[in-house]
Structures are given as structure tokens and as C-alpha cells.
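Each of the two complexes below includes chain A, the first together with chain B, the second together with chain C.
Right, the complex of A and B next:
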């Protein structure tokens, strides 16, 4: 579904990504883990056509997304939940959700999707008229995910959804992702939380200083001493 | 909060009473404006002229709000649109004999133009709107400080052109004998027509998207909002409204010259400073803020002018207005209204508050 090939991204003279390749198949949950500054967010931003790419290609359902305008990428079915949630603080929860459906023209289907989002996050329905900035961090993360779902993505990309949240709340977020996976949603998840990502994902890539260091199923990685030393030991 | 929860949006049904509650953010400022205008009508002729001038400023601030309030991008250049509107109105309505004498080198269709007032007002909206559309191409891509400086550059550039193009505009000499039709009724009708349009735009999906870009550029981009397009729409609507303010002003004063619109030694900030102060003091990001700020500062400015006359001291007004702006920025940066609309005060559940029983699991983060 999504194929990243030899992707190179530069910020000035800094090489953020040094030619990474990665694949996400339909219906799969793929996790990308790695320390701060490994290039995880850069990879997602490039896939959302939000930053320029120096070399390589990103193809979605066979066609490149490079040089596509960001709104066109959303229309084609890729939604990004950015790191730090980025909800619209002074707009109400309802307005935040409405903006999630910016690229849609099928009002009736949007209404159905709204109902589905409320099933997933009943809390959002209660706070519809409340400014989103008044929600707690966990609720804001749910709003950010719900908002992204209203674009009816075929690929949902999440950038560190657990960032800055209490452990109980992180549990809730990952439960939700599990529920989404059961609906057949294709998910590309970037996380620092290695253990939880291993629990959820079908396949995992390990990114470090702009290169993919390891890749495999959670079972493969869990048995890999290099991986255990680097990640699980510290979590 | 109602069952549909979209309580701040325009209603789709319900009784007349609930319609009133829903439209309160529009009805409250509109009612306040009408009330003050009617009170002025009962007073002296001087008071009536002061109120008319307040309404002209209000149209400018409504236009300024449409762009600045919804986009969060500050503009110092809107007086450009006022000037374009004022000169358009002047060319279309000024006495033909006077125009032919004072501007013998201007194109014939401008010298001989003499059209109905409402047509001239419409043209005074269209000309700045077209100009705004053209300058939007480079301007609307800029953010933050760069955008503010660019709008200021636009003001200076057009100011130089208007004041130096002797053969067309008469340069720094006053453009006289403009049809004087702006009185309190006329100004009030324009305000009462424009205010709902400004509110409608704010509540429309275009206005909502633009407010989204104001809140968070990254998020709006990730949702597929085209920031440049949404800003351009507001910029052009805003220019048209401010152009109408220019037409009202020209028809109020009877004569215009560049110093009334552009920054220079004689104008001391003039309309640019005054209108930005009105919007900021009232509250940049709400219609209520635009209206309350205009009324509040108009009242203070007119009172200070009386003090100036009585004490024979000039420029007291500018100094005090600057102080008020400064105090607002320090003590209440979101303005008198806090950048919020005025909601119906008697509703049972407040939309602005969280429901009392907040489920606990999600509430423990951060």
C-alpha cells in the first residue's frame, strides 16, 4: 500500500534520512521505533508530502506522493496524526471534527463516520461544544485521532501518540489502535514506546540516525540480542 | 448544549426563540450598534456626525476583522483598500465640472462619470477586491511578521503612487466636490447589511477552515486545508468591506486626500493605527471584539477631541489611544471580549464549560 524507497531527506547540511526503505501492506499495522532524532517524524512528514525529499520515492497504491500538494495526499487516503496532537485549541470539539472532513464532499458518509468516531470515543460526543483546549491530554489525543479518521483514510499514520501521556491514558490510546486494527485499518505507527509497539504491530522497523537498523516481526525482534540491549533493556 | 452539539453554528431548525439564542453572537453586537445610533439620533447634530463617523470606522474594523480575526495574520495595509474605495467613489460621484477643472489630464470616463450612489459604493467594493486578489498571490504565502511587514509595504507603495500620480488623482491636493450622502441612516443600513455577512463568513466552512489555520498551521495542513486559498478568500472579502468604508468616508467628508489614508508626517498613524487599536482593544478574534472595540475607542476618541478643543492641545487623542492599546496588550492581550463571542446569557447549560461529571480514566494525563 505504502512503499518508501531509498528515501533521503536533508535539513540544510544535515542528513535526516540516509536512504531508508520501508513497506506497509494493506490491513497491516507497522511500527517504527527508535530514539529521539532518529528521523521517525521526518519519515512521516515526507509521506504526508509536508516536507521536501532529496532522493528516493514514496509511493501510495502504486503512485508517487512526492510533489503532491498536502491536501491532495489527504484526498488520496493518507492521514497523519502529528506529534504533539496539534488540535485546534480555541475551536470546539465539534469544529475540530468538522475540519477533519475538510477534503470530503459526501455529507451523508461523513455523518456515518462521525457516528463511528463517537462509538470509538464516546467522550468526544459529550464535549462537542467545548473548546478543545479544555480537554485533558488523553482526550486531546483521542480528538486528534478521531479528527484524522473523519478524512476516511486508508492509511492512518500516527506520530508518537503516547507522547506526554500518563500510563493509564497510553493504555487507552493503544486499546483504541487495537480496535482500529480490528476494523481492517492500515496503520503506520511511530513510537518511542518499544514494548507497546511490539505488542500491537504486525511488523516493526528500528530506525537509528537516519537508517533502518533492524526490521522484522515482533517475535524476531524480541529474540534479537542487539534489539533487546538497545530498547527493551531501557524501557 | 443541545443534542446536536453544534451550538455555536448556524441553526438548521427550531423555534424562533432558539433561533434568537443561536444567533445571539450576531444579534447582541448588532443590537448594541443600532441602540447607540438611535440614541445619537435623539441628540445634537454634532453627536449624529460623531456616530456616523463611528459607523464608518466600524465597517473598516469589520472588514479588518474578517481577515485578521479569522486568519490570525496581522495586516497594517488595509487603509490601502479604504483609499482605493474612497478614490473610486470620488471619481464616480464628484461633480463633473469640478473634476474636469481640477483633473484635466485624468481619463475622460473618470472625469465624466456620474453614477448612482449605490452603484458607486458597489464599485468601491469591487476595485479594492480585485486589487487584493492580485496582491494576494505573493502576500498570502507569508506568515507572522513577514506577512505584517509585507502589508505595510503595500500601504507605502500604494500611498506613494496615489500621492505622486498627479494627473490621475491630483496628488496631495484634495479631491473635492464628492457627493456627500453619508449620514447616520445610510451608514447604519450599511453596517446592518454587512455585519451578518461577516458573521456568516465566520461561521461558514470557509471561515472555520481559516480559523483552523489560525489555531494550528501544521494540523490544518495535515487535514488538507489549503491555507493560501482560505486566506485569499478572506483577504478579498475583507478588502471589499474596507473599500465600502472608504466610499462611506469620501461621501461623509466630501473631500479626500492621501494623508487621510496613508502613513506620513501629517497623519500620525491615522486610520491604520486607529482601526488596529479598535480591533485589538475589543478582541482580535471575535465579531463581538470588533464591534465593542470600535464603540469603546470611538467614544474615548470623541471625548478626547472635545478635551483637545477645550484645552487647545493637539494630539492628546493619539497619545491616550496609544496608552490604552499598550495597557490592553499588557493586561488583557485578548481584548475586552477576550476574543470570544457574546453568548446568550440565560441558557441552562454553558457551552464554554466542561460537563460536571468528567469520566476519570482519560482525565489523568499530563
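Right, the complex of A and C next:
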């Protein structure tokens, strides 16, 4: 579904991605873990066509997303919940959700999706008229995910959804992802919580200083001494 | 001061304030969406002013004022959109300094075109008696133009508010001005919101041109500069990040100007009005650097 091929991204003289390749198949949950500065966010932003790419290709359902405008990529079915959530603080929860459906033209189906988002996050329904900046961090993360779902994405990309949240709230986020996976949603998840990511994902990539260091199923990685030493020991 | 004098000054201040609020809104709108301080915005006002001159000399006289208003606003919109398309779109992804320099260049270019075509002198615009007409109520004299200014400002502010709150495009505009990148990630087309911002700024600038020419009875190459500078000050006063702040800043500045004029007149120092205005603004910013209205949520919640 998503194929990243030999992707190179530069920020001026900084080489953020040094030719990575990664694949996400339909219905899969793919995890990407790696330390700070590895290039995880860069990879997602490039896949959302939000930053320029130096070399390589990113194809979604066979067609490149490079040179596409970001809004076109959303229309084609890729939604990104970026690092830091980026909800609109001054807009109400309802307006934030409405913005999620910007590219939609099927009003009736949007209404169904809204109902589904409220099923997933009942709290959002209670706060519809509240400025989103008033929500707690966890609620803001739910809003960010709900907003992304309203685009009815075929590929949902999440960048460290657990960042800065309390452990119980993190559990809640991962439960939600588990529920979404059961609906058959294709998910590309960037995380620093290695263990939780291994529990959820069908396949995992390890990204370090702009290169893919390891890749495989959670079982492969859990048995890999190099991986255990780097990630699991400290969690 | 007796009550009628107070009322008189309040009306003056409200008229000045609403005029400045309109300019400030245009400036703040572009700043919010593009992080652009557009000095060439004054020249959209200028374009509106000379459009009025052209209308009254070549086409019709000002007695067909509805047509004059439409014509002026349309010309201003066209100029604003042309600025966006020709000057700012090519440098949209450049750093803010580049955009700032571009806006200076566009401003200087347009002022000089006006000078070449219409000379550096003010050219009288025949707009009839509206400039002089007054209502009287007891001691109070109200200029008809001030009433028109207040009414126009109220209409534009309410329409803009309704647009921003009630329509999808309006919500997209507010989203883009809070977090442009995120709005794009949700599928809001960058070109659409930016062009809309310039379109609205054009409407505001056209209205400002109508009021300015109404007040001074002429168009001149410098006519965009005064509103722009004071509009910028109003935006800074209001805190830079919110449209409400811009409106509040405009009214506060209007009150300040009228107050200082009255106060300084007692000492025969009216000429120093602007110096005192800027001094007051600087003093205020020392004590409240975030401006009067804090817009963008500064506190990120975890």
C-alpha cells in the first residue's frame, strides 16, 4: 500500500534520512521505533508530502506522492497525526473535527464517521463546543486521532501518540489503536515505547541516524540480542 | 469638559477607532495566515484611492455612489489578489525577511507608479458634499462621514465574524492562521486560504480608501502610508496574533489619538500628536509586551 524506496531527505547540510526503504501492506500495523533524532518524524512528514525529498520515491497504492500537494495526499487516503498533536487550541472541539473532514464531499458518510469517532472517544462529544486548548493532553490526543479518522484514511500514520502522556492514558491510546486495527485499518505507527509497539504491530522497523537498522516481526526482534540490548532492557 | 463635548469626542474616537480597526484587521489577517507583515498593503488602499479618482474623472460622477463603492472595492480586491499571485506566491516558502523585503519593494514600486502617472501631488476627487454634511443634536455635531464610517466598520466586522465562525472556509482560515502546516496536513489547500485572506484584505482596503478619500477629498501617493503605519501599531497594540486584538488595538489607538489631540491642543502642541501616540504605545508595550489581547495559546498542555 505504502512503499518508501531509498528515501533521502536533507535539511540543509543535515542528512536526516540516508536512503531508507520501508513497506506497509494493506491491513497491516507497522511500527517504527528509534531514538531521538533518528528521522522518524521526517519519514512521516515526507510521506504526507509536507517536506521536500532529495532522492528516492514514496508510492501510495502504486503512485508516487512526491510533487503532490499535501492536501491532495489527504484526499488520496493518507492521514498523519503529527508529533505534538497540533490540535487547533483556539477552535472548538467540533470545529477541529470538522476540519478533519475537509477533503470529504459525502456529508452523510461524514456523519456516520463522526458517530463512530464519538463511540471511540465519548468524551469528545461532551466537549464539542469547548475550545480544544482547554482539553487535557490525553483528550487532545484523542481529538487529534479522531480528527484524522474523519478524513476516512486508508493509511493512518501516527507520530509518537504517547508522547508526554501519563501511563494510563497511554494504555488508552494503545487500546484505541488495537480497536482500529480490528476494523482493518492500515496503520504506520512511530513510537519510542518499544514494548508496546511490539505488542501491537505486525512488523517493526528500527530506525537509527537516518538508516533502517533492523526489521522484522515482533517475534524476530524480541529474540534479537542487538535489539533487546538497545530497547527492551530499559523499558 | 461638559457632557456634550465628551459625547463629541467619544464619537470622534469611535470613528477613528473603527477606521484603524479596519486597517489593522487587513494587516493582522495576512500576518496570521502567512506570517507576512505586508507593507504593500498600504498600496492596496492607494489603488482604491486612485480608482475613485479615475471613476469620478472618466466615467461617472460620485452621485452614483453605489457604483463608486463597488468599483473601488473591486479594484482593491484585484490589486490585493494580484499582489499575492505575482509578488508573494513566488516567495511563499522563503524566510520572513525575504517576504518583508518583497513587500517593501512592491510598496515602493506602486507608490512610484502613482507618482509617474498622477504626479506627487494630491489630486482632488469630486465626491460631492458628503465630506461636509453634518447632523446636529443640541450642542453635538456629528459628521455624516463618521456615521458612515462607523456603520461600514460595524457591517464589515460583523460580516467577517460571521464568515469566520459559521462557514467552512472561515473555519479553515482560522485553523490556518493558528497552525498553517497542520491545516495543510488535514487537506486545507494553502492557495485557497491565502487567496481568501488577500481577498478579504482587499475588501477592507477598498473600504479604507473610500473613507480616506471621503475625509481628505483627494488621492495622493502617500495616502496608503498613514493608515498602514497606524494600522501596524494597532496590530502590535492588540498583540499580533488575533483578529479581535487588531480590532481592540484599532479602537484603543483611535481613543488615544483623539484624547491626545484634545489634551495637546490646550497647550498648542497638536503638531506633536504622533510623537506622543508612539511614546504611549512604547510605554504600554514595556508594561505589557504581549499586547492587549493574548491570542495564540501560549501554554502547551501536556
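As a convention for this text, the second predicted complex is superposed on the first by the 235 of 235 C-alpha atoms of A that agree within 3 Å, B and C clash if a C-alpha of one lies under 4 Å from a C-alpha of the other, contacts with A are read in each partner's own complex, and residues count from 1 in each chain.
Just so it is clear, a residue touches a chain if its C-beta (ideal position, glycine included) is under 8 Å from a C-beta of that chain, and two chains touch if they have at least 3 such contacts.
All values derive from a computational prediction rather than experimental measurement.
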After aligning the two structures on chain A, examine chain B and chain C and state clash or fit.
-> clash
Between chain B (first) and chain C (second), which does A:142 come into contact with in this model arrangement: first, second, both, or neither?
-> first
In the superposed arrangement, which partner chain does A:172 touch: chain B (first), chain C (second), both, or neither?
-> first
Using the touch definition from the top, say if A:208 reaches chain B (first), chain C (second), both or neither.
-> neither
Which one hits more chain A residues, chain B or chain C?
-> B
Contacts of A:127 with chain B and chain C, given as first, second, both or neither = first
Counting only touches as set out at the top, which of chain B and chain C does A:100 meet: first, second, both, neither?
-> both
Tell me which partner A:91 touches in the superposition: chain B (first), chain C (second), both or neither.
-> both
Taking the superposition as given, does A:116 touch the first partner, chain B, the second, chain C, both, or neither?
-> neither
After lining up the shared chain so the two structures overlap, which partner does A:154 touch, if you call chain B first and chain C second: first, second, both or neither?
-> neither
Using the superposition on A, tell me which residues of chain A are in contact with chain B and, in the other complex, with chain C.
-> 48, 50, 69-71, 74-75, 79-80, 82, 86, 88-91, 95, 98-100, 102-103, 136-137, 147, 151, 164-165
Across the complex, what residues on chain A touch chain B?
-> 48, 50, 69-75, 79-82, 86-92, 94-95, 98-100, 102-103, 123, 125-131, 134, 136-139, 142, 144, 147-148, 151, 164-166, 168-169, 172
Contacts from chain A onto chain C in the complex sit at residues 48, 50, 69-71, 74-75, 79-80, 82, 84, 86, 88-91, 95, 98-100, 102-103, 133, 135-137, 140, 147, 151, 164-165
Spell out the part of chain C that touches chain A in their complex, as residue ranges.
-> 168, 171-172, 174-175, 178-179, 181-190, 295-297, 299-302
Which residues of chain B touch chain A in their complex?
-> 1, 4-9, 205, 208-209, 211-212, 215-216, 218-226, 285, 339, 351-355, 359, 361-366
